[in-house]
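Two complexes are shown next, each including subunit A; its partner changes from subunit B in the first to subunit C in the second.
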Partner chain A sequence: MSRAALLVLADGRFPAGGHAHSGGAEPAVAEGRVHDADSLADFCRGRLHTAGLTAAALAAAAAHGLDPLALDAAADARTPSPALRATARRLGRQMMRAARATWPSPELDALAAARPRGAHQPVVLGLTARSAGLGPEDAAHCAAYETVSGPATAVVRLLSLDPYHATAVLARLAPETDRVAQAAAEAARRGIDALPAASAPLLDITAEAHAAWPVRLFAS
Partner chain B sequence: MSVRARARLRAEPDGRGGSALPVLESDGPLALRRTRSPRPAYARVTVVGAMSAPLNGDHLAVEAQVADGARLTVDAAAATVALPGPRADADPSTYTVDLTVGEGAVLHWLPEQLVSASGSRLHQITRVRLAPTARLLLREEQILGRHDEPTGALTTRLTVHRAGRPLLDQQLAYGPGAPGGWDGPAVLAGHRAVGQLLLADPAFEEGPPPSRLLGPTAALTPLAGPAVLVTAVAPDARLLRGLLDDATRELLDGLKEDHP
Partner chain C sequence: MHLGHTHDGPAAVSADATRPDGTRRALRIGLGGPVGSGKTATVAALCRELRDRLSIAVVTNDIYTREDADFLLNNAVLPPERIQAVETGACPHTAIRDDISANLEAVEDLEDAVGPLDLILVESGGDNLTATFSKGLVDAQIFVIDVAGGDDIPRKGGPGVTTADLLVVNKTDLAPYVGSDLERMALDAEKQRGGLPVAFTSLTSAEGVGPVADWVRARLAAWTA
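Right, the complex of A and B next:
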């Protein structure tokens, strides 16, 4: 594996559109549930162990070579919120565009042809990692880290939180992020039936509420 | 002494427009009783708790099959309370539910709440296999702790396949030993009652009801397949049931012909 390729893929400036999404932090801030660095940490920790674990396992499974269309269906079943399914597919489409320009591969072409409106983002992320010569752990780390870095960055804007404090939240979560990525990669090696389906009721409920806001800073 | 019990039931069309129960096997704490159904086409079975269960270390299972064309309602006489039991070192208890619903068959699976008492550890697993034209109404409610006590450790997994494809897969983990953040702003934010109501119906192939909020902490969402899911959190069991009852009434009113 190439460590530099992992840095390219995990870079927040990788042009895959993630910066427009708060990962549920915008409604959580609006409802006062996230209001400072501590509550941000608690939010990120909860998201990491639920949506993060699930996404990381899907990404690891795609990187491991499991059937991306079966994984896409598994992602649908794990995403009851239509707003979050639409977001995942939109982000998947954007990542696919960047991936095919960056690390072209027949597997990416095949998934793009089969899901022209976008496959679930973690599946595309995993397949991108595979095309870049990266492994399941790498893909899982990218997916797990994204589930916490998105909200942390968004909350800096939403709350005018000190960026140093937001980054410190991510740094303190690093050991847990590693463990989640490891667990996700191990599950992926056991096959599609072993993939976790951890979910967070409030993330699903508030995603629907947020999608109906007439004006919002973030797309999700 | 831990308990290992497996209850089984099977509904089949009785040839006279109703449904018969050729298999109705109670086991240990899982007592099944045939009860009178207010819906004439349905057989009805009520799970009567014969003793306190599950205690840590117990392994309980229920298997229900609804044959092609049969209609079955399963409900319960009382909430299931997961309790710690006498042995502090016992393994977690398990409660496994396997449901199979055939072509043109209907299952209303409406147990009472699952209460996770302080000190208890329970893994609940519900697996459902639906034929392409099967109909399912399923309710699950998790109550975290009895009145004014901390919750036990509870994990649940609900996996539903329809026509061999995944329709819904959800895992929840709460209480001591659960991964961090379970009670935080992304997951429960202090709510102590969590519920799911799933309605799968081939009628939704034509277009399921649109996504809708049912108050600030509940949403009705169309799944990727022909089904809708209500996800709700509430401060307590009574408020949660109120939300789910309203949603049930409204959803079934829209499908009167399919769930007579």
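Right, the complex of A and C next:
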């Protein structure tokens, strides 16, 4: 594997649409649950072990070479909120565009043709990692890290939180992020039926409410 | 970004002049500029001026999602299916320059849904003087400033003022009331822009958006030539 390719894919500047999404942080800020660095850390930890673990396992499974369409269906089954399913597919379509420009492959072309409106983002992320010559652990790390880096970046904008404090939150979560990615990659090796289905009901509920806000800064 | 080969399925790259089915895509023109300079009003006026002869669609990049799209809808400049709002996560300049994926999807969806289109106007949310559009997203860009924002803006320069394919200085009717010197703005703009065109507009006057519309027609003629 190329460690540099992993950095390109994991870079927050990778142009795959993530910048417009808060990962549920915008409603959490509005409701006062996230108001400083400590509450941001709690939010990120919760998301990491639920939505993060599930996304990381899907990404690892796609990188491992499991059928992306079966994984897409598995992702649907693990995403009870229609708003979050729509978000995941929109981001998957955006990731696919960046992936086909950066690491083109017949497998990406096939998934793009089968899901022109977008497959679930973690599945596309995993397949992108595979096309870049990366392994399941790498894909899982990318997906797990994204679930915490997205909200942290969004909260810097939403609360004018000190960016050093937000980045320190991510640094302190790094060992946990490693463990979640490891567990996700191990599950992916046991096959599609072994993939975790952890979810965060409050994130699902607030995502539905947020999608109906008339005025918001982030798309999700 | 061209990779020198083609794929089946949806377009993988951004600036290709043809769509996956081989037809020529619409000319895409970006409109950027500071808050309140009249970007949305210029888009509305352009739509009114050009819609009888051209098939047009608009993509808006609001800071607060649908404000600009709703303005265009409420003023009925285009049918609703021809206007799409892109959400920008508090950073409109990111969505038009650094990560253009959501905007590319919006322009492709519009071509699929209401095409064939001649022209797609991509409006940025009101942003700072450094905001410019990626060449992967638009073929040409217009930067809209106004006389009330201060007549020193052309002199100060910045990527929008110096590099836009057309600089529009709007609200010239207000110049006497805000003490702005139009001649000085024109001289400064010429100095900063090395011969690139500048249009002075007053959307409330009889001439209105005319100079901008003429420029768009010329770009379109070059695009389809």
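We take it that the second predicted complex is superposed on the first by the 220 of 220 C-alpha atoms of A that agree within 3 Å, B and C clash if a C-alpha of one lies under 4 Å from a C-alpha of the other, contacts with A are read in each partner's own complex, and residues count from 1 in each chain.
The definition used in the following text is that contacts are C-beta pairs under 8 Å (C-beta built on N, C-alpha and C of every residue); 3 or more make two chains touch, one makes a residue touch a chain.
As the structure is a computational prediction, the values presented were derived from the model and not from experiment.
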Quiz prompt | First, second, both or neither for A:A61, with subunit B first and subunit C second | solution = neither
Quiz prompt | Contacts of A:V169 with subunit B and subunit C, given as first, second, both or neither | solution = neither
Quiz item: Is A:S22 contacted by the first partner subunit B, the second partner subunit C, both or neither?
Solution: second
Quiz item: After superposition on the shared chain, which partner residues are touched by A:A200: those of subunit B (first), subunit C (second), both, or neither?
Solution: first
Practice problem: Between subunit B and subunit C, pick out the one touching the greater number of residues of subunit A. | Solution: B
Quiz item: Who does A:A181 touch here: subunit B (first), subunit C (second), both, or neither?
Solution: neither
Practice problem: Mind working out whether A:T50 is in touch with subunit B, subunit C, both or neither, as first, second, both or neither? | Solution: first
Quiz item: Looking at the overlay, does A:C142 come into contact with subunit B only (first), subunit C only (second), both, or neither?
Solution: neither
Quiz item: Touching A:P80 in the superposition: subunit B (first), subunit C (second), both, neither?
Solution: first
Quiz item: Inside the complex, what are the residues of subunit A that reach subunit C?
Solution: 13, 15-22, 90, 93-94, 96-98, 100-101, 104, 109, 112-113, 116, 154, 157-158, 214-219
Quiz prompt | subunit C residues within the subunit A interface of the complex | solution = 1, 3, 5, 7-14, 63-66, 86-91, 94-95, 98-102, 104-105
Practice problem: Enumerate the contact residues on subunit B facing subunit A in the complex. | Solution: 157, 159-160, 165-173, 179-182, 184-189, 194, 211-213, 216-219, 221-225, 229, 231-233
Practice problem: Report the residues of subunit A in contact with subunit B in the complex, numbered from low to high. | Solution: 24, 28, 31, 33-34, 39, 42-50, 53, 73-74, 76-83, 85, 176, 196-205, 208-209, 211-212
